[in-house]
Amino acid sequence: MAPVDAPWEDKMTTFLTRRTALLAAATCAATLGLTAIAEAQTSIKIGYAISRTGPNTGGAAVTTIPNYELWVKEVNAAGGIKLGDKRVPIEVVQYDDRSNAEEAVRALERLINQDKVDFILPPWGTGLNLAVGPTLNREGYPHLAATAVTDRAPELAKRWPNSFWLLGTSADAAKTLVELLNKLRDEKKIGDTVAMVSIADGFGIDLSSAARPALTNAKFKLAYDKSYPIGTQDLAPIVNEIKALNPDVFIAFSYPPDTLALTEQSRIAGLNPKVFYTGVGTAFPLYRQKFGKNTEGVMGIGGWSGDSPAIKDYLARHKAAAANGAEPDRWASAVTYASLQMLQQAIERVGKIDRAAVIKDLQTGTFDTVIGKVKLENNMPTRYWWVGQWQGGEFYGIAPAKNEGARTAIVPKPAWVAP
Amino acid sequence: MSQGSGTPVLTINGLRRAFGGLVAVNDLSFAVAQGEIMGLLGPNGSGKTTALNLISGVLRPDAGTIRLMGQNIAGLASYRIARLGLARTFQLVRVLDGMDCRENIKAGLAFQRPHLSAADAEVRIGALLDRVGLAGHDRRPAADLTYIDRKRLELARALAAKPRLLLLDEWLAGLNPSELAIGIDLIRSLRADGITIVLVEHVMSAVRALCDRCIVMSSGRKIAEGATADVLSDAAVVKAYLGGVAADA
Amino acid sequence: MTARVAGFGAAALTALALLALVPRLGNAYYLALAISLLQYTVLATAWGMFSGPTRYVSLATTAFFGVGAYTVAVLGEILPWPLVLLIAAALGAIVAGIVGLSTLRLSGVYFVIFTFGLTELIRQLVVWFEVNKSRVLGRYVFVDITQADIYWQLLALTAAVFLLGWLIARSRLGFALRVIGEDETVAKHCGINTTFAKVALFTISATVMTLVGAIMAPRWTYIEPSIAFNSMISFQVLIMALLGGAHRLWGPVLGAVPLTLLFELLSARFPNTFTIILGCIFLLIVYMLPRGVAGLLEKLSTTAGGKTRQRATA
Amino acid sequence: MLEVKNLSLAYGLHRALDGVALNVGRREIVTILGANGAGKTSLLKAIAGVVRTLPGKQVRLGGRDISALAAHDIVESGLALVPEGRGIFGDLTVKENLLLGANPKRAREGEAARREQVLALFPRLRERAAQIARTMSGGEQQMLAIGRALMSNPDILLLDEPSLGLSPAMVQELFATLLRVREAGVGLLLVEQNAQESLRIADRGYVLENGVIVGHGTADQLKSDPAVQRAYLGGVPPATASSS
Amino acid sequence: MTNAILTGLMLGGMYALIAMGLTLQYGVARIMNLSYGEFLIAAAFASHWLFTGWAISPFVGLALVVPLAFVLNFAIYKLLLTPLVRRAPNRDALEVDSILATFGLTFIIQGSMLALFGGAYYSYSFLAFPVQFLGETVAANRLAALGITILLGLALYAALTRTRAGTAVRAVAVDPFAAQLVAINVPQASALTFALGGALVAAAGVLVSTFLTFSASSGVVFTMKALIVVVMGGVGNMLGCLVAGLALGLSEALVASYVDPGLTLAVNFALFLAVLLVKPAGLFGRATR
């Protein structure tokens, strides 16, 4: 199972050391005469426009909004963000972007020009993050995109040096998945027939386009490779056809409603491949709530180090703070929360509202977050969780295997059981 | 076929139109000569209005030909037929309520070829208002007109196009005796302008006063045709139309 | 009359010149808001140009808007900008012509839902094509167009639309449309080619919508079908035009401007209860202003005699 | 039975009816003569309560004031209208149309017997029971319209142009039927452009011109009135007419 | 093949189910209800709440939610829509007004649901096990929904064709003017029919929630789907609704199985557009204008 290598004390020590260093840095900054400016600052205004209505609501409500709220609450409970030697509370300005690119852009322009916010938190989703990219770049605000997956991320990071693409590229995601499958095949745990479906949306198409050549190059047999449109109400024909092909691996680059529907339909049709991998939504607490014991062995995109104390602590805090005790999803939620921690640490290190300096710090600094230590290279993290798996009611990251806290995959997936 | 003088303006041959199982116009043939006023009679539902709708292109015939000045217009779109010189009024008077009188008439002449200059159009509109007895009402909204004035306006609109053939669908219905006399004179004067007229009418006094010839329809078929006086005393016509009471006018 | 037209023209030009200065204010938010106002003004006015006189309620706004946006997504980085706009306009006109010829025999709700279905069909076909043929979904538009450029283009388009609308209203086509709106049967018997008139107007209106989509596209960097073919645009435009009063050329503006501002105000003041408040205000408007804002203005401007003429005069 | 007083109606500025008064007795056929556009149809609609009238009207049915009732309640109180254009439910079957005719509560009792009476009056309806109404011929549709109205067990039946679109033979048949309806104790108010025929079966008549009642009398009086002859009887003096 | 057809039937049944209420509301009460889908989602939430909070089976939930929806919709018609019906000079005007008013209502209902349940996705498992049916494996919840759809459809069809009250409802749809001549209280009948439509959509919401994932903002999808089915079948026509629903469901399943799942919705819309081009008033509608 998961290696529990680092003794508790060690971690504690590192933590303390790190904190001391931070404190030292802050004190340094303060003594360098920045106190005056910090004193003038009675609060830090943070703004965001998020999809509270429209088709993006489902994603934003699970992954983004609770984390923004949790973070603000925690920071303010602790007295605020430390600017120099004093803590300054966060003041929030928020809008609804109505899941609309134009509204999102305008809302941000309002935040910047009317509300004169100090920092901006990004919207949910790839499309909206790309839409607001130019604005944030032009106005020099750091842009910590924690819910966008795009293959152009490296290029975008160059084009907009203020933007940080924390969720990685779909090419990387597909590559990691195929590497995992390759390894499993080498271990003779699976054969080489793969069935792949993808949602006809930027996300699904990017991923399937990347996975297709990767699978073919790795000599996997792609027995089924189709896409389905957003809003498809019954995926039974797809599942039934795949079942007839009896593949070793089932891959679905799907969105939450389809992820649930595909899983349910697979269970009903008795599609029981050795590897069962679904897309966004697999890591949602709703998935476990709906499928209970049947989640065991299901793989999905994302994941986290479920054994790490930081994550466990984060999970507890999230549950305590969110409405109805909702849990975070096991992928982008933690990244989102981590991005907020990074922002906070960068601001505190800079010690004043200096966005250019904060961007610089984000580019170069190292951050202590719930997902571990993060150090960005070319505005992107160096490691991601690309494949996770439900094991014993928790969704653990399993690939890339070199990631700290990676668990070993359970393959083959246990057969579906009656609920 | 034609008993009137000159070439036929309208020649109809074997016209037929059915709605579902109901044959509204059945094998209808007749001709209208230049300058003639032809009465089209028959009980309500006998197919007169359907015939007018077929001629004016509102409906497409199932069979048969309709020649206007020699050109077959059967199945042609209404607007094309209108541009070929056919104008009509409607059983339930149709004026453009949202416009004033001047604009109503302008609608009748603005889309004819060749186009009139704005000044010429104004002159024609004024003359038409005068002619139908609406002088001075140019800017009055059509919706404010009385029933009889609406009828006048509708006629003026139909005349605006300088039609060769004018179809009047119960245009005299609902007029009181003095209005009726004015109306009859007005229609008669149109003939003097060389307009050929097909008149669907129930007001027998007007039919007698105006029509050279009449056609009587019943259940979609032509049951009589001829000089007005002859037709109105025809036994079959009396039975079908006048309701079993013989007429010996 | 001529003096009045000249005076009005001068006033319009002055207003245009003043509006052209908005980007100089240097406030990106005001610019963004102005862009939004212009976008909906043009869309709603174009919508009203066709739907006002003909009373066909169209939900195809998004289809044309999306075609414009997608044209930019595909060609924006390859061809010079004016050429891209030209191609977008041509595509919009062609699609509108085909749609117009095939659908104008539908009436009432059948036309409404048809136009909605059409939008979805175009969107599904674009998706399918991108997925299976070009194998990209979501295109990036990196063109050298600033926010001010977008604003000025929209402003020019707005001016063009109003000028066009004014010219059409004075033209034979405009008069024909008024007659059609009053009574289509009479129109036909007056020698009006009603099909041509309606398709022509539909095409003009659709071309304008396509251009709006094309002009707006560079604002978002990233175009995917769900962004370009967002059906909310159709609904918003419809609602704005109806609320303003589609029976006059300037009616839709009276819906587009206040509603855009209202959306903005509510989403800023009440981000969490935005929808509920919006819904309530909406209902209030429907009950209080049965003939739209334009109807209210007309009512106020007519004397107590009550001779409210409800339809447009040229 | 039916008494109407001071009935006025306006469409916009156009006054379609102005202070109309009339009455119809039990077992009586009353006809309204008038040119197209004189307001005959409006008059029947106004009595039946399906159009909004100007205030001040008084409509009494069997002594009961029904002026303020909604159209459906007027039917309940015993007045049925066969409207111009028949107003049958074209997409429903003949049977269903008749079933709906008996929708008023007053018609429920004895419904089966009344149905038999109606089907006896119009045997064609029995043959066509399962047919969709709009697929029938005009005459059959008219029979259905009258049959449906009779199913509501009316005291007063208003008929707007019942002969419309019927062949002469069928008109004769229809009017014979109307006489039988009268014998059943129903009062009939008849609007008919076929003035000759309607005066033949009517007991009394009113002349309506431009929304105003300008004359009334017994059928015979009206038939011999020269003005009536000129205006509505095609100028044919009925005195010299021989029945065919 | 059997499987694709069976899947298509179940899907088509669902489409017919979600459209049945709308065809009543629009066909009879003449209200173009843009908030229709919101009512469906509201019922889905109610069912979810009853099931997860109180362990009340959705079948029992039907008995609670449906009558409540009836009362609620009746009240909405009486309070919100009657003024519009009264002031509308003709059907077109009522259409515009009802579009605007129910659009506003959409915001209110959706906003309330967002406030109550948040924007997250909801789903629960009920009868989520495979059953053998006609030699094929299908989901029990979908099959149950199909069964109830058929029952509801038959009951409704019988009520509309076999009873006097039902015939009266159809009469209002065919000709509201003539309906008052046979002593039908048209406003009352419209209100009751609107409410019945609301009850049906609530039933659809409860059933759909047993197998579909939904969120507070997914209502509009159902509104549009229902509108398409209704318009394709012919407004106000129950049979047309069923046939159109099944045609869409079958075409979707067959295309998914034999052509390309990516084209299902495109084919659906193409089918819908083609039907309208051939029959401008829908499969079972008659062109009246």
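Order as written gives the chain letters A, B, C, D and E; numbering starts at 1 within each chain.
The definition used in the following text is that a residue touches a chain if its C-beta (ideal position, glycine included) is under 8 Å from a C-beta of that chain, and two chains touch if they have at least 3 such contacts.
Source: prediction; values computed, not measured.
Asker: Return the chains common to the contact lists of chain A and chain C.
Answerer: Intersection of chain A and chain C contact lists gives E.
Asker: Centre to centre, using CA atoms, which chain is the farthest one from chain D?
Answerer: If we average the C-alpha coordinates per chain, A ends up farthest from chain D.
Asker: What's the farthest chain from chain E if centres are computed as the mean of the Cα atoms?
Answerer: Farthest chain from chain E, going by C-alpha centroids: B.
Asker: Based only on mean CA positions, could you tell me how far chain B sits from chain E in angstrom?
Answerer: The separation of the two C-alpha centroids amounts to 50 Å.
Asker: Averaging only over C-alpha atoms, locate the centres of chain B and chain C and give their separation in whole Å.
Answerer: 43
Asker: What's the distance between the Cα centroids of chain C and chain D, rounded to whole Å?
Answerer: 52
Asker: Taking the mean of the C-alpha atoms as each chain's centre, how many Å separate chain B from chain D?
Answerer: About 30 Å, centre to centre.
Asker: Give me the residues of chain A that touch two or more other chains.
Answerer: Within chain A, residues 52-55, 200, 227, 229 contact more than one other chain.
Asker: For chain E, jot down the residues that touch at least 2 other chains.
Answerer: 110-111, 114, 260, 262, 265-266
Asker: What are the residues of chain D that contact at least two other chains?
Answerer: Not one residue of chain D touches more than one other chain, so the list is empty.
Asker: Report the complete set of touching chain pairs.
Answerer: All chain pairs meeting the touch criterion are A-C, A-E, B-C, B-D, C-E, D-E.
Asker: Quick check on the complex: what are the chain B residues that touch chain C?
Answerer: My answer: residues 56-58, 77-80, 82-83, 87-88, 90, 94, 96-99, 103, 106-108, 110-112, 115, 141, 157, 161.
Asker: Can you check the complex and tell me which residues of chain A touch chain E?
Answerer: 51-55, 57-58, 60-62, 65, 197, 200, 226-229, 231-234, 236-238, 240-241, 256-257, 260-261, 264-265, 267-270, 281, 284, 286, 289-292, 323, 326, 418-419
Asker: Where on chain D is chain B touching in the complex?
Answerer: Residues 12-14, 35-38, 134-135, 137-138, 161, 163-168, 171-172, 193-194, 196-197, 200, 209-210, 230-231, 234-236, 238, 240-244.
Asker: Flag every residue of chain C that touches chain B in the complex, lowest number first.
Answerer: 172, 175-176, 178-179, 181-183, 185-195, 307, 309-311
Asker: Within the complex, which stretch of chain E touches chain D?
Answerer: 161, 164, 167-168, 170-171, 174-175, 177-186, 286
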